[in-house]
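My questions will all concern the structure given below.
The letters A, B, C and D name the chains in turn, as written, and every chain counts its residues from 1.
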Amino acid sequence: MKASVIGATGYGGIELIRLLSNHPDFHLDSIYSSSKDKVPATEEYPHLLNICSLPLMKIDTEKITQEADVVFLAVPSGAAAKLAPQLLANDTKVVDLSGDLRLKNPENYKKWYKKEPATAEMLQQAVYGLTEWNRENIQQATLLSNPGCYPTATLLALAPALQAKVIDPSWIIIDAKSGVSGAGRGLSQMVHFAEMNDNFKIYKVNEHQHIPEIQQQLNLWDEETGPITFSTHLLPISRGIMSTIYAPLKKPMSAQQLQQIYEETYQHDHFVRVRPLGEFPGVKEVAGSNFCDIGIDIDERTNRVTIVAVIDNLMKGAAGQAIQNANLMFGFEETAGLKGFPMYP
Amino acid sequence: MKASVIGATGYGGIELIRLLSNHPDFHLDSIYSSSKDKVPATEEYPHLLNICSLPLMKIDTEKITQEADVVFLAVPSGAAAKLAPQLLANDTKVVDLSGDLRLKNPENYKKWYKKEPATAEMLQQAVYGLTEWNRENIQQATLLSNPGCYPTATLLALAPALQAKVIDPSWIIIDAKSGVSGAGRGLSQMVHFAEMNDNFKIYKVNEHQHIPEIQQQLNLWDEETGPITFSTHLLPISRGIMSTIYAPLKKPMSAQQLQQIYEETYQHDHFVRVRPLGEFPGVKEVAGSNFCDIGIDIDERTNRVTIVAVIDNLMKGAAGQAIQNANLMFGFEETAGLKGFPMYP
Amino acid sequence: MKASVIGATGYGGIELIRLLSNHPDFHLDSIYSSSKDKVPATEEYPHLLNICSLPLMKIDTEKITQEADVVFLAVPSGAAAKLAPQLLANDTKVVDLSGDLRLKNPENYKKWYKKEPATAEMLQQAVYGLTEWNRENIQQATLLSNPGCYPTATLLALAPALQAKVIDPSWIIIDAKSGVSGAGRGLSQMVHFAEMNDNFKIYKVNEHQHIPEIQQQLNLWDEETGPITFSTHLLPISRGIMSTIYAPLKKPMSAQQLQQIYEETYQHDHFVRVRPLGEFPGVKEVAGSNFCDIGIDIDERTNRVTIVAVIDNLMKGAAGQAIQNANLMFGFEETAGLKGFPMYP
Amino acid sequence: MKASVIGATGYGGIELIRLLSNHPDFHLDSIYSSSKDKVPATEEYPHLLNICSLPLMKIDTEKITQEADVVFLAVPSGAAAKLAPQLLANDTKVVDLSGDLRLKNPENYKKWYKKEPATAEMLQQAVYGLTEWNRENIQQATLLSNPGCYPTATLLALAPALQAKVIDPSWIIIDAKSGVSGAGRGLSQMVHFAEMNDNFKIYKVNEHQHIPEIQQQLNLWDEETGPITFSTHLLPISRGIMSTIYAPLKKPMSAQQLQQIYEETYQHDHFVRVRPLGEFPGVKEVAGSNFCDIGIDIDERTNRVTIVAVIDNLMKGAAGQAIQNANLMFGFEETAGLKGFPMYP
């Protein structure tokens, strides 16, 4: 199957190139960028010397759909909504990594993204690609909306507890931390090495666009879920997300019981690893891999749960999950092209 | 005034040496270590060449009390409780940076520290040195218990809101993150550079010994404060703590109103800086200084507050606050020896 | 083919596990450690959960040789010399990643390693595995001595210029820098995160055991090579080596001419990439891959060459090159199991 | 004495603000920027809250010279040459941190800086501020040209050996490494955190503008000095420079003898610390201080010296040395305002 990447110069794009170049079933056929035309990819990314000879091409949706079986859209939010309809024309399947198709309610999109939402048709057609929780729909999808990085870690962490009704969803606090690649490749004072090194910052307090994405899914799982609090911080590392989550128990239970719920829930999911009770994952332990690792605890002093999930934001939080979803959409093995171990140390 | 440092080879000790060596009123007279005797400090810390010619001496409490007007105890918890009574014998004042004298209830100490508590007499005599909130007692103290690094940031952040009764203290979630120097100078796999670099880890989940210290003070301020949830993470940086705090409002109020409470509360406190509304501090913005910077927000969607405080864990979280307290104990200017700016970048 | 790793808990060992677990032709069958017995690998390395179920076993050379077709020896120098003869007994092939079999002259080993050298028989049998320059011998080898990390980068960088007799080898200055994983997983003050972070250190000045290894090979290539100067520094990164090399030209030539020599020399070597003239590689551009990237310049002001080579010290500098060599020893494709791209960013 | 800083938003500027704000003899009176006017400094640098209430002002040289006794010029090369003559008009003394006044030969400046040189008058008037080697002239200076960061470390390291004629200056290789703040506060892909983190890069190979500055001074000390080779690399740290230097001995001598030369040379220089023989400095051991630490070795195998010098590039490599020079120009104690210890860890 021929695959194309649009938005190939961003970090999501370059990670897609890395994964697709060694994928057993997809063949990376062409790469596109809004800002380049016929420029060797190595000019933008010297590390691709001899291993990716594709040129960066100007986006031409008609040409793309004639040639590609699947297109990965790794463009900024706002741009994807415009490209998706054009790309769907010729039986090409589309995996969109932007935020444009995640919120079912266009008013919500307007409020949080401060941009024009996608059409109702697109929003309806788009299948939310939180793989472990939506496999059947994903297998049928032609337009896939890949979840955000923070929502992926957070939702995988909360799903078992929320669905088993063990937590009281009236308040849920999510304190999330991300590596700097999550902020994209664009330049700004905040991501200047000398200022981010040895630093740790909170940003977009109570205004992050992933809030409504998480809220939407939690309410689908448990409509009694109250408004969540979700905070995002920037870590002085290149990749990795940790989501630390706090919620009250509905009624007292032991950590062992909760652990069992988590282990059973994810026992058949290769990419979600529940850590043994008492052990919590560090972000480096999934770096470069598609794993989401989860650790849980119950504090008897407070009757609250602590749930910790880590992912590599460019993998399970973006390109990796996008490939995982594309594998399902094309009937390939779910783990195809995603068997790389975490790179440790 | 002659000052001595016991436990000079640890990170708290070395920071005390840095500060006392340039202090206008204290003179660093001698430094002690449990593991060295008559060893030049430069052998342990080459950066002290030509600027600290003191030898590391074996701890001899009788000699110390005969010579020193003030002793800074920067030894591990457990050791301080034993040294403090001996040091107090000869009119020497003691500033203890360990956790041994912070918990007024010895049972609490046993439970969280898993060591033998200090004597009731010591616990009663010890004055808790959260400077901004206990100045009068500190000025009279001969035995000062310097607060923990996490409690300092957390308590300074919560005090105005809690005391003004604007938050409902039935649940308070504190998600704290610290630089690696907070874990001490001892060796372990967790602090191996290759494993902590690019990493971010949660540790001692629901078991950190600073939980009862924070709880104790919050209950003094508002006895209705319920059991807090307090989590600690390790950041891949050398110094710095951020405490991100969540709590429900008692009744709706605007962020502007809360901001005003914070600004008024700390208007005369040099070392606590309330950031302008909408701005949040990064840990690097206080590195090397004794400042605690605070930013606040109220989320109208959830009716909850977000309070963020940052400190340098070796300064306001340890040696800096210890000097600040010693200044008060001896009637010096509170900021003496602590005027260094944050080192940025 | 069944493969075993001895010394699996070190960084070389864990990287071998990563590579062998996804190798198309080798099957990782068992892993051994001097310090563990029947301990799940996940106990030492939690990131292996669900993907490596092998237990760490006590070293039993007889059992190993009965079961394994190839053994990768990733133990410290000194230990390998003793294990190798026992392992070679039963037709098992051995790839030794230590320094024990690299120096042909045992006196040299004694002087630089300060340990007892391997037997003359072992030293004679061992084939030096600088793959690109010794393929024919490697294909016949049963005992392979894998080059050191610094020598790999340095020798690949110098080979074309030295062999083409364009540099005057009376003096060659090699200024090398390595990530901290190169110092191993053992604990020491130097690799404590808080002390190595934001730091950069020179170590083993004029005493590094890789000096005689580099010298030996250079003299084989050009017997007129004078004594080299080789320095090693520690970088505050997890992986990566840069070797910056300076030497005088024999007679004036243009950078273009030298560039052509380099490009022609390595045109058929997949893992050595000569960068376009004017471009120099950063260490991150090979991280996680088996590439050695090289950039060159000639300074007309000084008539000297500057040659820069970068590798991932755990890959081309250890486990990656070991696999590359094993591939040749067993007649597999040279790049088998080594097709992973650099992980960027 | 009233001091002004022009170019206050750059890293050199902000470090000057840090130092001057706690200087016993200078009073920081005003700060200027080419891009701001009447903007509070805290808007650019939030860490200055409550401790620097000065506004950033538009550069007005007439106003500045009427008010300031000394002006620190921390603007980019090219701009300083134009401002200096205007500032010198009213008896104001000028300390220029740019490269504009360092090269006595304007043709040299044109060639390496690719900009228009300063006037011959300015070049003649400017005193080169390598403090330890030019005190008498500095004391008389009204226009001081502060040395570059790399030249400071390199020249202090080479001076004793070169002047004692122990090295053969026909070839000297200088391999230098700098923290990212040395590249300035401007944005570029190279200083994007996600790309510089875990990276190490060589840049401006054989083209760095500090080459002629170092060469010029070395030739003043020993006119037989041949063309030097000088390379620069970027370290993934915020501050710090290491210069590793190699040169042949004129005739064999012991490391002890060379050590003695170094110790005697710098015995009265507070800010140059010669490490004990066998010990080499790491960059972190001078961070935040004005020290230049030096370690030396002689390799009997090669008859070459290795000299290592480290500085904090923003301190002894820029703002610190500028203050040190200004202290001399005004007859203050040379160490005034510069007594801060290295911040370790």
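Methods note: contacts are C-beta pairs under 8 Å (C-beta built on N, C-alpha and C of every residue); 3 or more make two chains touch, one makes a residue touch a chain.
Which chain is which protein? Per UniProt: A, B, C, D = N-acetyl-gamma-glutamyl-phosphate reductase.
The structure displayed is predicted, hence computed values, not measured ones.
Visitor: As a test of understanding: of all chains, whose mean C-alpha position lies farthest from that of subunit A?
Guide: Of all chains, D has its centre farthest from that of subunit A.
Visitor: Applying the document's contact definition, name the chain pair with more C-beta pairs in contact, C-D or B-C.
Guide: C-D
Visitor: Just the number, please: Cα centre separation of subunit C and subunit D in whole Å.
Guide: Going by mean C-alpha positions, subunit C sits 38 Å from subunit D.
Visitor: Averaged over CA atoms, how far is the centre of subunit A from the centre of subunit C? Could you give it in whole Å?
Guide: 36
Visitor: Quick one: report the Å distance separating subunit B from subunit C, using the average Cα coordinate of each chain.
Guide: Inter-chain centre distance comes to 46 Å.
Visitor: Identify all positions of subunit C at which a residue touches two or more other chains, and write them in rising order.
Guide: 11, 179, 181, 194, 197-198, 236-239, 284, 344-345, in rising order.
Visitor: List the residues on subunit A that touch subunit B in their complex, please.
Guide: The touching residues are 171, 173, 175, 177, 179, 194-195, 197-203, 205-206, 226-229, 231, 233, 235-240, 242, 244, 246, 248, 280, 282-284, 287, 295, 297, 299, 301-302, 304, 306, 308, 344-345.
Visitor: Which stretch or stretches of subunit A touch subunit D in the complex?
Guide: Within the complex, subunit A touches subunit D at residues 11, 179-181, 183, 185, 187-189, 191-194, 196-198, 236-239.
Visitor: With touch defined as at the start, can you tell me which subunit A residues reach subunit C in the complex?
Guide: For this pair, the touching residues of subunit A are 11, 14, 17-18, 21-22, 45-51, 181, 197-198, 238-239, 270, 273, 275, 279, 281, 284-286, 288, 293, 339-345.
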